[in-house]
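For clarity, chains are labelled A, B, C and D in written order, and residue numbers in each chain start from 1.
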Amino acid sequence: MDGKQTITLTITCPDTVGIVAAVSGFLSEHDAFITEAAQYGDPFSKRFFMRCVFIPGALCPPKGELEKRFSMIAQRFQMIWHMYDAADKPRVVVLVSKFGHCLNDLLHRYHTGSLPVEIPAIISNHPDMQSQVEWNKIPFHYLPVDKTDKTRQERALIALLDDLEPDLVVLARYMQILSPELCARLSGHCINIHHSFLPSFKGAKPYHQAHSRGVKLIGATAHYVTTDLDEGPIIDQAVERVDHTHTPDDLVAMGRDIENLVLSRAVRYHIEHRVLMNGAKTVVFK
Amino acid sequence: MDGKQTITLTITCPDTVGIVAAVSGFLSEHDAFITEAAQYGDPFSKRFFMRCVFIPGALCPPKGELEKRFSMIAQRFQMIWHMYDAADKPRVVVLVSKFGHCLNDLLHRYHTGSLPVEIPAIISNHPDMQSQVEWNKIPFHYLPVDKTDKTRQERALIALLDDLEPDLVVLARYMQILSPELCARLSGHCINIHHSFLPSFKGAKPYHQAHSRGVKLIGATAHYVTTDLDEGPIIDQAVERVDHTHTPDDLVAMGRDIENLVLSRAVRYHIEHRVLMNGAKTVVFK
Amino acid sequence: MDGKQTITLTITCPDTVGIVAAVSGFLSEHDAFITEAAQYGDPFSKRFFMRCVFIPGALCPPKGELEKRFSMIAQRFQMIWHMYDAADKPRVVVLVSKFGHCLNDLLHRYHTGSLPVEIPAIISNHPDMQSQVEWNKIPFHYLPVDKTDKTRQERALIALLDDLEPDLVVLARYMQILSPELCARLSGHCINIHHSFLPSFKGAKPYHQAHSRGVKLIGATAHYVTTDLDEGPIIDQAVERVDHTHTPDDLVAMGRDIENLVLSRAVRYHIEHRVLMNGAKTVVFK
Amino acid sequence: MDGKQTITLTITCPDTVGIVAAVSGFLSEHDAFITEAAQYGDPFSKRFFMRCVFIPGALCPPKGELEKRFSMIAQRFQMIWHMYDAADKPRVVVLVSKFGHCLNDLLHRYHTGSLPVEIPAIISNHPDMQSQVEWNKIPFHYLPVDKTDKTRQERALIALLDDLEPDLVVLARYMQILSPELCARLSGHCINIHHSFLPSFKGAKPYHQAHSRGVKLIGATAHYVTTDLDEGPIIDQAVERVDHTHTPDDLVAMGRDIENLVLSRAVRYHIEHRVLMNGAKTVVFK
């Protein structure tokens, strides 16, 4: 981005005449050059969604002042809105259990700069990933689950998250179910990868379910976590062709590649503020 | 095929040592040149599946005699088996309601010779397709449904099928549910196209269900019809990427292209004897 | 579209601050409700592209008056621009030779209303498609090529096109090369389907070229026709997986399905005014 | 594999009657249970290809003796053939330059056991990957290129390969061109990943070439290295959809995921002995 400041504006509001005119007029008047813009009016929910990336020109006031002025327009249209400076890297905490492929994939993207985030911590209920995480110079927190009292581990997890203040929590094949309270608290800020093409094969061992049913494509789904298991708003999905020769183990192995792709795309969409919530669904401005 | 006779042999039997040796030895001894062969042993069901295409050489006896001799081997291995002469075109009856895209697609393939079948009849509970079917010089049977007694229409349908003796019945968006009796009778010889990526979105209006759930891919599934609605063995599936801007009507329109592809592939696999049943699943030798 | 008038506005101009503000401000002031909008600023060519669909409200003047007023803004930003009323169906002329799959596909979409165009004529250098075209109640023009003087046929073709005044000419596997003069004349209004994944395998018999090279995917490309054969701006492409068992004839057969899909999508994008030219490339607002 | 010995037999020979019978008869007589088998007769080259995986039973002689006996059959049919014991892990040497994504992907598969190979060394003309390689407990060899005499580095490379005796050399984005001598020497045992959908965009900066041409899909190709740059037999390819908004840098980033998938698949096919050479093409028994 050539060292220039870049700001992303996201807006959700009831749909009506004049929103784009008001927003783009405001930006134009404040010498902001739009480099990307996308909008969508949902004819069903009658909600309007907008994402706009702009470079403030010489005459543009600082972000704080710009936000103050914009709030007038926002109020008029009852907007839920945010301005994000691209220089403020989102803080992403990753939770993982024993399967490390999604974590490895995210760490490689982080390590090479292709995923521009800060990772203040990686948390696991197993110690297996510690060495790899520490090689990446990221603090690793081992929070084992006490089977006689699972809530203890979650309390420790919540305390840690309180401390870390992440913008996004990623469940990278984290095999513990979050309590409804934690789900609610992380609402819209917690992405899970489910290893099936939802809504098919919810719950445990989806690749084994897929094998039993004899499907000809398997998939993976990245979605926001809600209190309904595997029912949250879907961000991205992908599939791969399989055939009768594939055992459940083969599906597991092939699925890992799909999970990597889908989860990393969903995380990227999220941190680039491309995902807006539309009830139980998402608007994704790619 | 250069005018040469081509025979396809399909085999299903319990898996054990020596099946391929016995079959290929038999063919070699009878001067048959194998042009295609595929086999699969299912480690779960312990069943063995084989498909073999061969050209009888000068010293090979006629098909009837070959079958008689092969039955000795078949008995030894408890085979379910068939030999099909490629010159005997399968008789395919197509059932359709008001949506004609799958029918149009199949008819074009039939008309241009790319689907080498005979179509002795097309049957519909609506008159809409009559003109197009007759342009293709195929008899059209209009069997309207009497809403006060649906069984009447099915009795007429069964009588017609008894007459036509089809090798395959294709439900090309036929919007009537077949009775359990008819399903059982057509078992393994009746292919339906369901307009979703099964097992997601069974039953009515799957594209509307997909829209509500906010999935990022929609699909279609061709499967053998069984008494459990949309639960039969899957032959082929495909998907297409969608996003938040697509209305249910858009999904319906995009879905038509997927349905065409998937159904025509499934029909081709079936008539080329590439599909073998493995319990509630299929083995498809592509 | 609920009987409401719908207007599509397309814009191409040098990129600068304030374009979206000016356009959306203009529409808002004229009581136009935007239902779809997309814009793109190319950082390389420094050109700006916009497509906007709106429903004129009660206070909006008629289209002619709206265009007159908009021309002031257009002039300021040096816009190339158009307003299209969705009620004015584009006139599409299809050229075809002996392979009828793309024509059949387009005709089915036309016939069922999913491709909202007028087809004033279908033109061919072979008589093969006449019956099917006429069944669709479309005039068929047979313009055979005189091998001793190919220019004669093209002169007849040009005269016919002069008469028909099409908005779009579709080469649906039309196997004659257009002269540079005709290419220039149809520039931006003539779509060809090439049966390879361009820029691989230009020219004749691309599936045979693909077979020789042993590629693992084959494809098709829809592009605007230019004087450089198979070098025009690409509108859409798709591929399908193949393997060593596929003969050139198999590739031809599989390719037909890809060609149908790609060509029909490209035609739809074009008639919905989603395609804007950006030098030798296209901007496609899906 | 349950601790049972598993042997893979590959065969290439002129096509004729009786090959499968002879091979499967031999295996059956020697109490070998076939778990996977695939064969293909190329109607163009008239060559026959076969891959067969079997478990030796109690009465089967040791592999050395089995090979001795099989050589009689092999001679009769002029076979090029090999028997591989699955317990003998292939030795794979990876060459890499500055882009580490393919290496990271292969290392993760190696580390988690999903790629059952030995990696005796990783070689690079840059030091960047040293730390990551050594974290995986694999020797790292830094062979910098002397720009005044590039042959020096290659001589060192050849000496090292002589020492390491790899079964396979993988060029995981290794940005040096191998000499014709080295290419010839590694013939059939050296896989390169090219970051385009070959034969499109050979040579340097393929993603920039793709951006200039305005293609709507980008791809990657894994192929055996030959003396003709980017012309070797293709093992696998894949593509991803792109659009006008993607810059060359975006294509590079998206391409990395395709390269990872395609290269890892090609390596897996190779080490599982699924790839047989058919002139300038490959037969891949998936």
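Basically, a residue touches a chain if its C-beta (ideal position, glycine included) is under 8 Å from a C-beta of that chain, and two chains touch if they have at least 3 such contacts.
What you see is a predicted model; the values in this text were computed from it and never measured.
Asker: Which chain has its C-alpha centroid at the greatest distance from the C-alpha centroid of subunit A?
Answerer: The most distant chain relative to subunit A turns out to be B.
Asker: Of the pairs C-D and A-D, which shows more C-beta pairs in contact?
Answerer: C-D
Asker: With centres defined as the mean C-alpha position, give me the subunit C-subunit D separation in Å.
Answerer: Subunit C and subunit D have C-alpha centres separated by 42 Å.
Asker: So, what's the distance in Å between the C-alpha centres of subunit D and subunit A?
Answerer: That pair's centroid distance is 36 Å.
Asker: Using the touch rule from the top of the page, what residues of subunit D touch 2 or more other chains?
Answerer: 43, 245
Asker: Quick one: which bits of subunit A touch subunit B in the complex? Just the residue numbers, please.
Answerer: Going through subunit A, the ones touching subunit B are 40, 42-43, 197-201, 213-217, 219, 233-239, 243-245, 247, 278, 280-284, 286.
Asker: Which of the residues in subunit C end up touching subunit B in this complex?
Answerer: Subunit C reaches subunit B through residues 36, 100-101, 104-105, 108, 112, 114, 131-132, 135, 245, 253, 256-257, 261, 264.
Asker: Under the touch definition given earlier, write down the residues of subunit A that touch subunit C in their complex.
Answerer: The contact residues of subunit A facing subunit C are 17-18, 20-22, 24-25, 27-29, 31-39, 41, 43, 57, 241.
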